[in-house]
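Common to both upcoming complexes is chain A, partnered first by chain B, then by chain C.
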Partner chain A sequence: MAHKQLTEEYYKLLHEIQAVDFVLVELNLYLDTHPSDSAIIEQYNAYAVKSKQLKEEYARRYGPLQHGDMADKPYSWPDAPWPWQV
Partner chain B sequence: MATFTQYKVYYPFVGPCDPCPPIRAKTYNTPPQLYVPVQPPGLPQYDPYTALKQGTLWPAYYSPYDGRIESKPGE
Partner chain C sequence: MWIYEKKLQYPVRVSKCDVRMAKLLHEQYGGADGELAAALRYLNQRYSIPDKVVGLLNDIGTEEFAHLEMIATMIYKLTKDATPEQIRAAGVDDHYVNHDRALFYHNASGVPWTASYIQAKGDPIADLYEDIAAEEKARATYQWLIDQTDDPDLKDGLKFLREREVIHSLRFREAVEILKEDQAQKKIF
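Right, the complex of A and B next:
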């Protein structure tokens, strides 16, 4: 059974998702202590939208990224590569 | 000019009756959050990829750990 080969494009998209999510975490922590900083709230919302788009893009191209994403037919969730194999 | 690091050093007293071989220079880390505990708004930010690599979004609070510092200054 041929395993799904991961392209350069796959890693680039994954890297971008990780970067955007990390920025979201950092901004979230900042907003915990500075709730009224509206500039950062706008930035947070912009990145939140971007993160959603990237994840939808990933789900559309490579299948479900995380639990709860739309499953594709045939059901590929348990297939290789697993997250640590990527 | 010595390069700036977040590690400072102090030199403990070494006496003739020390039970163990002396450690002449002890280093300790002084990260930025000691000096600026409450983060001021409007600090400059890294771009997302650099932030992911550096481990923080704010360059002002970047505090690298370069592993155990074997050769301590003034050893």
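Right, the complex of A and C next:
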């Protein structure tokens, strides 16, 4: 994996992950108070699959987003940029 | 436990260096109705709240840490290129002689964060009403912050955070109704 370049593609993928994960955050809070809404649970699961796919792609191209993602060599987790730097 | 994700919840951009706005944003960093207070309030209350609403307190409390990181990012980006002259002009030289460009958990006036900003009463309705009030106060603070800036990028991040307060308040109101229904059912027999 090349060093993380803050290219247009990088931001595009990051923003896509942020958008999909936001849906998960929002549906999760809704389901906390509406646990029997099965249509929303299905929507949640569809976005969970999408999120997993996007994060695998991110880890492959730019290194892990979180522990448990596949690691690269050399180990890039401690490398900048951190979220407040992008 | 928690696992850190190396991303912000929502993109934070600023279009210029603005030390004055960084000073004001500390209200949501280490202020009474800020994100640190919110996260610590909910994550502490969850141990004594009825099971039916633990998940909500757990998840909103966790999201508040993501918001704290967004506020920190705003402050970091607004000040990283500031000159000593800009710092003096913005009237935050008192912060900088103590912390330089480091962030600190104090409010916009420099008053340090204190646990007396939050409460855990052990009474679920009392705790949830406090939580609803906290969200409404944070929403109002975001509005006053939005009114203080003409930076469209900064406004975008602040508007996202303002909307989250609206949603959290709504969910806490639902939690109150869930507990009230539960209590009413228990009295039937």
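Assume the second predicted complex is superposed on the first by the 82 of 86 C-alpha atoms of A that agree within 3 Å, B and C clash if a C-alpha of one lies under 4 Å from a C-alpha of the other, contacts with A are read in each partner's own complex, and residues count from 1 in each chain.
What we mean here is this: contacts are C-beta pairs under 8 Å (C-beta built on N, C-alpha and C of every residue); 3 or more make two chains touch, one makes a residue touch a chain.
These figures come from a predicted structure and were not determined experimentally.
Peer 1: Decide which partner touches more residues of chain A, taking chain B and chain C as the two options.
Peer 2: Larger number of chain A residues touched: C.
Peer 1: May I ask you to decide whether A:82 touches chain B, chain C, both, or neither, giving the answer as first, second, both or neither?
Peer 2: A:82 contacts chain C only, not chain B.
Peer 1: Is A:68 touching anything from chain B or chain C once the two structures are fitted on A? First, second, both or neither.
Peer 2: In the superposition, A:68 contacts chain C only.
Peer 1: Which of the two partners, first being chain B and second being chain C, lies in contact with A:26: first, second, both, or neither?
Peer 2: Touch status of A:26: both partners.
Peer 1: Given the touch rule stated above, what does A:37 touch, chain B (first), chain C (second), both, or neither?
Peer 2: After superposing on A, A:37 lies in contact with chain B but is clear of chain C.
Peer 1: Once the two structures are fitted together, what part of chain A is touched by chain B and by chain C alike?
Peer 2: 15, 18, 22, 26, 30, 33-34.
Peer 1: State the interface residues of chain A toward chain B in the complex, per the touch definition above.
Peer 2: 15-16, 18-20, 22-23, 26-27, 30, 33-34, 37, 39-40
Peer 1: Note which residues of chain C are touching chain A in the complex, please.
Peer 2: The touching residues are 3-12, 53, 55-56, 59-60, 63, 69, 72-73, 76-77, 167-168, 171, 174-175, 178.
Peer 1: What part of chain A is in contact with chain C in the complex they form?
Peer 2: So the residues of chain A in touch with chain C come to 14-15, 17-18, 21-22, 25-26, 28-30, 32-34, 64-68, 77, 82-84.
Peer 1: Residues of chain B touching chain A in their complex?
Peer 2: Where chain B meets chain A, its residues are 38-39, 41-42, 48-49, 51-52, 56-58.
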